[in-house]
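As written, the chain order gives the labels A, B and C, with residue 1 at the start of each chain.
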Amino acid sequence: MAVYQNTIEISTRGKGTYEFTDRVIRELEKSELSAGAVTVFCRHTSCSLVIMENADRSARTDLEQWMERLVPENDPHFEHTMEGPDDMPSHIKMALTRTTEVIPFSGSRLMLGTWQGVFLWEHRSSSHTRSIVISIQGE
Amino acid sequence: MAVYQNTIEISTRGKGTYEFTDRVIRELEKSELSAGAVTVFCRHTSCSLVIMENADRSARTDLEQWMERLVPENDPHFEHTMEGPDDMPSHIKMALTRTTEVIPFSGSRLMLGTWQGVFLWEHRSSSHTRSIVISIQGE
Amino acid sequence: MAVYQNTIEISTRGKGTYEFTDRVIRELEKSELSAGAVTVFCRHTSCSLVIMENADRSARTDLEQWMERLVPENDPHFEHTMEGPDDMPSHIKMALTRTTEVIPFSGSRLMLGTWQGVFLWEHRSSSHTRSIVISIQGE
């Protein structure tokens, strides 16, 4: 059993889902481990993670827009508005999705399902550089 | 430290929560490990996982129906409708719940609370065979 | 590679988020491990976990109140009402947030982002003693 860890950066250009499955696979290859689990950890509270269908773009667009309707900007109840109208909705969307995903691997391959991809979900309107920890434990 | 992994199949018969705590326990027994953590990973994007009260069935019924009201079928905003009216709500419900659960174990026993059970939450209307990875790391 | 585990108790005084990042750090120090991942597991179905901004209290207040509006008490659809009006909303709020968080560590330090704190989110109105498992695997 061994631990391999690396922190990667992902550039975002406004609200939306950004797939980085290939980056996770690359880290798994670099680890040279064959069986275990990859922890993907998002080091922010205004973006989050989701494992979502990566085949048809419209599925993600519908998901993103549904969430936008559930947590709209400019909710008059919000007091935390000093960081912009997209900040408080970002924290809520983050809390409703995930900060951590743990994905098993076997035979040096991620055990994702056929249609699953790993996505960073950016909830802020402007461009950001996001930091994601990839921590792999296995043998 | 060692890794034990197995993929199990769970048959579903339409929308609802299906407990499989006993299947996780069985895999833990087969692993012969005594302390560590079990990763339960759902290989689909139209069903999900949740650890929920397993005592009173009405609690789960209320949870399921509340979610159905939050994410109803036939939302006129949806564009991703080719796979049926239950498909897009399935992805949204999945994103709002969990793809991964990680449960510690000690003395060869899962450290679940008294009322906690592990459930597959099927979001599609028809019957499916769902694939769940159980990846156990420990000593 | 080794496993360190401890169960900690957190006292809550009604609905709200309670930070316990310092308790997780203390367990990590006791483990004497330098690299790996900490699994934080909530052994209840009427409270949950969230990793949230810990700088400005108003961000958490807005999050808590938004969730209260999304899942209000006394929804006439609920059948599971015998444990009080706050019980069924508690289970729903739990299902929408997290039971497990997995946080990587390196150089004996949690790899949390600058603004991230680990919180227990109490969804019940009365005081409770909550049991959280800290399971650390690493080297």
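Note that in this section a contact is a pair of C-beta atoms (placed from the backbone, for glycine too) under 8 Å apart; a residue touches a chain by one contact, two chains touch by 3 or more.
Please read these numbers as outputs of a predicted model, since none were measured by experiment.
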{"item": "Shared chain contacts [chain B and chain C, defined touch]", "value": "A"}
{"item": "Copies chain A and chain C touch via same or different residues, half shared test", "value": "different"}
{"item": "Geometric centre distance via CA averages, chain C-chain A, whole Å", "value": "20"}
{"item": "Numbers and ranges of chain B residues touching at least 2 other chains", "value": "1, 70, 96, 98, 100, 102, 137"}
{"item": "Chain B residues within the chain C interface of the complex", "value": "1, 35-37, 50-53, 56, 58-59, 61-63, 65-67, 69-70, 96-98, 100-104, 106, 111-113, 115-116, 137-139"}
{"item": "Footprint of chain A on chain B - complex, ascending", "value": "1-3, 5, 7, 39, 41, 43-45, 70-71, 75, 77-80, 87-88, 91-92, 94-96, 98-100, 102, 131, 133, 135, 137"}
